[in-house]
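Each of the two complexes below includes subunit A, the first together with subunit B, the second together with subunit C.
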Partner chain A sequence: MTSYTKEVISDLIAGQLPWPQTRRIMSTYKDEDRFFKVIEVLQERVPWDDPILLPISDHLFICQSGSERVTKCECGHSFGDYRRNWKLQALINVRCTEASLREIYPNNDIPDPDWMEIREFICPDCSTIHEVEAAAPGYPIVHDFEPDLEGFYREWLKKPLPEGPS
Partner chain B sequence: MNTPIVIGIDAGGTMTDTILVDRNGHFKIGKAATTPHNEAEGFIASAEDAADAWGISLEDLFSHLDVVLYSGTGMLNTLLSRTGRRLGLITTKGMEDMVLMGRGLQAWADYSYSDRLHAVTHQHPDPLVPRRRTHGVTERIDQFGDVIIPLYEHEVAAAARKLIDDKVDAICIMTIFSHVNPAHEKRIAEICRQEIAGAGADINVLTSHEVRPVIREQSRLNSILIEAYATSRGRKQLRGIEDASKKYGFRYGVQTLLSFGGLTSINHPRLHETMISGPIGGILGAAYVGKLIGNDSLICSDMGGTSFDMGVITRGQTRIENEPLMDRFKLNVPTLHLDTIGAGAGMILKVDPLTKKVSLGPESAGSDPGPICFDRGGTEPTIADCDAILGRLNPDYFLGGKVKLQVEKARLAFKEKCADVLGVSVEEAAEGMIDMLEGDANNALRRVISGQGIHPSEYTLLSYGGSGPLHLAGCSKGIGFRDVLTFQFAAGFSAFGCTTADYMRRHSVSIQIDIGARADNSELTETANRIDRVWRDLERAAVEEMLADGHAREKVRTVPFLMMRYTGQLEDVEVMSPIPAATNADDMRKVIDQFETVYAKINHRVSRYGEAGFTITELGVIATADKVKPLLVKRPLGPSNPAAAHKGTREAYIGGRWHKADLYEMDLLEPGHEISGPAIVEHPATTLVIDPQDRVFIDEWTLLHYEHA
Partner chain C sequence: MLNRPSSPQLLRQRLIESERLMEETGCYDGITELSLRAEDPLKFETLHTKLRAYCVSAREMARRISASPGVREVGEMVVAIYTPEGDAIALSNGIMVHVHTMSRFIKWMIRNGYEDNPGIRDGDIFANNDAFIGTVQVPDVMDVMPIYHEGMLVGWAGAVCHELEAGGITPGGDVALAQERFTEGLFVCAEKVGENDELRRDYIIRCERNLRMPIYWVLDEKAKVASCIDIRESVKDLIEEIGLDYWMKVSKEFIEEGRRAQLARTRQLTVPGKYRGHTFYGHVTEGKPGFQPLGDPNWLYNIPIEMEISVDGKITMDFEGTQPWGFHSMNCTPAGMDGGMFVTLTQHMNFEGLVNDGAWMATELKLPEGTWTNPDSEMAATATSWALLLPAYGVFQRLLSRGFLARGFVEEVFVGQVNSPMIEMGGKSQYGTQFGMAHFECAAAGSGALAIKDGLDTAYVGWNPESDMGNIEIWEQNMPMIYLGRAIVPNSGGAGKYRGGCSFISTWLVNKTDHLRLVTSEHSSRVFDNGGMCGGYPAPTCQKHRAVRNSNIRELAAAGKPLAHTTGIDPDRSDLEKAFEGTHEIVEGPYITAPHKEGDIFTHSYNGGGGFGDVLERDPVKTAWDVENGFLTREAAEKVFGVVLTEDEDGMPVPDLEATNVRRETMRVERLRNAVPVSEWMKQQRKRIERADFVPEVRKMYASAMKLSPRFAREFRTFWNLDDEFTFEAEKQA
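Up next is the complex of A and B:
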């Protein structure tokens, strides 16, 4: 069975693995313990102790915080219960004018602001941009993903979901 | 026995093979692990192994040698590890990104089929010269060689100064259509040299038309970059080989093999032409054996630790590949055509725990750490481990006993990682793995043959390489070859093939000449004159290089050749000119007739299509000078009983059960002997497995003919 050391997984997450090795990993069968090693590496990276249940973007995690399961930024800021759209709790920068779009595409064609706007979702504590979405003006904020945590742990990982103190 | 006069050494990715040849063509082979960091070590170890077999010391060997012939991996390793020299590039303005964009296929060349399908794994090879040291200069020459925009010389001077400031080791120059008119490239080089002299720097200047003035700028660019990047260290490795040889008393210069099948000294001006030489030796050797056995349609198959190389000779014709790949770069070096798949005894075996899918490779355990049974730290089961587990390899006679195979260790690891995961017995799993490998090779052979449009019953299969005979039975089963051959010196066959080569130069240039199907005498005469002028120029250049290597003028023979096609086709065939010079319409007709003959040989006579007219795309000259070659000795057939070579029996697992297989010593087999399977024929450097009911016959040349039941 394929398996990699924690150091290799750590470099892989940090994007520091040399390309030939990365490709070898891509081309081989998936290592069975990858998920748990990734969680281990991420857990060491964050400054807080709440157990990570599922990473949902580069710096955003669902974790067990006391008896609650919340969406949390790497800096420790909590966006509340993971079943609610965390974006609603973020700072939002909307680029809906030509000038603001031109800021990020100085040399390219830009979309027509009457037809499309760009929304940036920012952590109120550390200012990390967690997500960017492009939508038609007036379109509600997209709820990307509501994971079935119980099902994922039970059926795919075959491990019980870590429980917090109840 | 005389002392050897020729030594041929072929350093592969895993093993370095040596062959010694004396004046009468007797030969012995030797083998040692390749030492990539200092190839001279593996070279001397392998030479010593062969000298031992001959019964002489290294000093005795080298002081009597006339030819030392080496083909190695130094340049390839420099390229693979990206440890070459610091380059700068000057090119036509607007083409600066050519280095980054490359050819699309370079992003997935050499990948396995499944990786090719997964675009996420595609990646261009790292460029040999970074974009910031690439400078465009304003100039343009069109496809007819006319100057459309003159060269802006001040831009060249500025670029040259910038590159000198960047402390490059070499400046490469490649402009569009320089193969038609090199005037601008020459002028750029001149300006660069002036600037370099002015700055008191020591920088090489290389131009693409000098490397090879042939159409397609991307391959021309890659060739010149690789020449500038990798060959200085490659030359150093070759000098190391030469120094090592001289230390033991060798009196002359070391020779190396060109990818189109000739020899040259290590001072060859375009050393990248020797980078693909390893497998080429096999094709040369096959052509040589083909003449002996009287069949000029041959498939040569070379199975080593990593790859399975196949070459085709159809009715005496080998195919020339004009743009081969080297570390996923397209080059413009003419090369004997080879098909390669990843299949060898070093292939690492894997079983997916979820789907139970078995995969072979594509990685190989190489020589370091090697298979588990070598006990040098290898932990992944390989095909060689399966061979050891099934009793096909002799644990006490691998490399003549120099490596003791740890069968039990291999067995335990294989059981845990493969057999138990699959839920079958160790023997069943191991034989299944070997069947898969042989099945892959078998399919690849069928594909290569069907690509020729010729029935396999016309072909003789030659099997060689360290693991060729070991897996010969499965590889050749059911295809219906006219004959299947292997050799006592199978492990050294590529090196043997190298020693059958002559000294050679090949100079060529792109051209575009269309000849109508109904061209009249005056048109043909005009074409003949035009061709002949090019031939004379190329001949002069090729001969000069041969003379510079120390060959006497009267020993050098030249043959002009053409790359030709029916007008409108996409592929050329290489046509050796039947006449030394073309002066009139009749000469031109002879050339065209020769093209049609060759075309019919390679394809089929009914596929000729002269009504379309003819196109000449390249003209060239091959200059050769003879060299001593090994001879196979013909002896009368003796009795068929091989008892003299019999050395016992061993339990071997073949076809789903254990057999008591007879063991024979390969070197003791004599013409006339016949062996029936199940049997194993052993040699220090290779092993031949004969399946139950199959038989092997030794002919008067002491070649081993394998006959399937």
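Up next is the complex of A and C:
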């Protein structure tokens, strides 16, 4: 069975694994123990102790925080219950004028702000942009991902979901 | 197991029975156990590899028969083997999107009584390019031939080529101006076009008299027939070797194995749950010549997708809430939607094991009737259906990638494909003859970024995983234009920690012709038709066309003065305007204007891919490399990526790491200063929505989506906390 060391997985996540090695990982059979190794690597990376249950973006994780399961930024900021759309608890910067769009696209043709805006969803503590939406004005904010966390652990991983103190 | 060689049933009965068995058992053709695989797994795997080799070899041989640079250079072809009921067993590389569309074509003939009339006999050749029967668009012409063994139909061989000219209202294959089926060009609707291994002369005459450049279509037909015969003979030899009983059983077990492998792969690589995303497409035709007053001239398309992965591994994609079909050429049929799903799955999930129709059977598409994904009128045109299909399946790639990321397989995360704007042309060639063709260098866009590296530059399109732009000389040989330049478009990859792959732009001089019609399609106006991921930005995909009529290029060249070879990096005044005198044109949306002639200059740019991750995490060294190599401007490096560059002794850009840190810190502070809580923003926006304070196209988009989809209407009202009766009035545009 294919398996990699934690160091290899750590370098892979950081984009620092040499390309020939990365290419081999992409082409060969997948490593069945990947998920928990990745969780281990991420857990060491974050400056907090709440157990990570699922990564959902580059710096966003669902984790067990006390008795609650919340969406948390790598910096430690909590966006609340993981079942609710974390974006609604974020800061937003909307680029809906030619001048603000031009800041990101200085040398190309830009959208018509009457037809489309760029929405940046920002962590209020560390200012990381977690997600960018390109949408028509008035378009509802998208809830990107609602994982079936229980089903995933129970049926696919065959492991119990880590529980926090009740 | 249904398909015993001794089965006296007609194909139609066998097809119905096969579907019943699938319904009843949940397994393809009722195959609940893979007994041959269990009996001798090595033989099982070897045989499938052999079938795949037949397909690959037949395709390569056929490409040498074709005259079309689309097929010869770019590889716009695929070959596959099917069961008697029309399910794909094995396929070649190439445009795999058509493997399942061909399956629909075969099943359509069976369901429509072709066994009785026109009859299905050994040596027959059937062709189709009708998307409502089973293809994506009119230029995708497919040929299938039955495989008989001792008088019994034991399978089908099939091949598809994308034609460069389809004889429609505008030249080329992707007939941009078609607003109804009747202007899309030459239709071959599940027609018997040959017998005894030979194409009928009257069919060839029809092609010769209805196409601008029949040599492409006709030789492609011969190439496809040759590949089908090649496959047929190989399969017959194989049956002699392994026996008919074994063939009939194993060919179906391959498909059930493919179905199971897809479910297992989904469970291995993703996380169950609901995934959502959207993209948009802007269609701007206001004031352009040739468009009939059938629909609104401008149209904003929303393409929302909800993907559900169930705990058993099934993927369901739902397009609820998208726009209705319209009087334009961008509609798609369920066959085309299937094709998009199939080609995406083969790239992202079926990279090992058996690739065949089994993968498709492990998925479900929900295509609301009346939308562009499933028109309720078969008069709808589909000639440029890729315009909406590609952005839609780019969303699918991002949704799947969210699952890969959550599961820890970061190396599979891919921000997705983008549109590949086509340029079609026709008129008088440089040889003084009638001509028409599609330029297929579009088969090399920039890809979306990955979660661990930048996207591919000028090297990826979703519809042909073997992307290739073709050699300049080959294109020049076939069209009355010569290249002034092919150049990377700086900043065309979406910004991010990993940037999207960059695209390129071509600049041509119209040469040795006094009549050249140029038409473009599949590029969005006024909105981006792609997205970034995890903080990355979308790629700038609403580029305009720039042309110069009656340019003074010959005079400049004669005087040895510098020429412009691309449009440059000033969006307000292009390099063409700076270098050439003449009538300068800047055109938004489909380029449909008066014909060009010798001395005119024309540019056409392709799309880059979306970015991944927060741009301020971008490696400054990589940014400097991008600037040095023309993938990024200095202005973007500093303003967007926050990288301060200095120069080394050779004048090459190097990052000033300390100054970069300071600059990025300032940018982070600015971010927080400019941002507001989402709740506050929503309060302001709600007022705007109540006032319906949007341009007509946006209002119409909401009105159409809410009318067609009660769910979209409900979710819209719930999100903005509007009353149950709230709706938008869509006024007819002038």
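Here, the second predicted complex is superposed on the first by the 166 of 166 C-alpha atoms of A that agree within 3 Å, B and C clash if a C-alpha of one lies under 4 Å from a C-alpha of the other, contacts with A are read in each partner's own complex, and residues count from 1 in each chain.
Note that a residue touches a chain if its C-beta (ideal position, glycine included) is under 8 Å from a C-beta of that chain, and two chains touch if they have at least 3 such contacts.
Small disclaimer: the values here were computed from a predicted structure and weren't measured.
The superposition on subunit A brings subunit B alongside subunit C with room for both.
Touch criterion not met for A:V46: it reaches neither subunit B nor subunit C. More residues of subunit A are in touch with C than with the other of subunit B and subunit C. When the two complexes are overlaid on their common chain A, residue A:P55 makes contact with subunit C while staying clear of subunit B.
Of the two partner chains, neither subunit B nor subunit C is touched by A:V8.
For the superposed model, the angle subtended at the Cα centre of subunit A by subunit B and subunit C works out to 50 degrees in steps of 10.
Using the contact criterion defined above for the overlaid structures, shared-chain residue A:M26 touches subunit B and also reaches subunit C. Here subunit B and subunit C sit at a least CA-CA distance of 5 Å once the structures share a frame through chain A. Touching of subunit A by both subunit B and subunit C, each in its own complex, is seen for residues 19, 26-27, 29, 32.
Contacts from subunit B toward subunit A in the complex involve residues 112, 114-115, 118, 120-121, 123, 350, 352-354, 357, 362-363, 417, 421. On the side of subunit A, the complex with subunit B involves touching residues 1-2, 19, 23-24, 26-29, 32. Subunit C meets subunit A in the complex at residues 267-269, 271-280, 282, 300, 302, 304, 311, 351-352, 402, 405-412, 451-453, 489-492, 495, 497-498, 526-528, 530-538, 540, 542-544, 569-571, 612-616, 633, 635-636, 639-640, 668-669, 671-672, 674-679, 681-682, 685, 688-689, 694-695, 697-698, 701-702, 715-716, 719-720. Of all the residues in subunit A, the ones that touch subunit C in their complex are 9, 12-13, 15, 17, 19, 22, 25-27, 29-30, 32, 34-35, 37-39, 54-59, 87-94, 103-112, 114-116, 118, 120-122, 124, 127-149, 151-152, 155-156.
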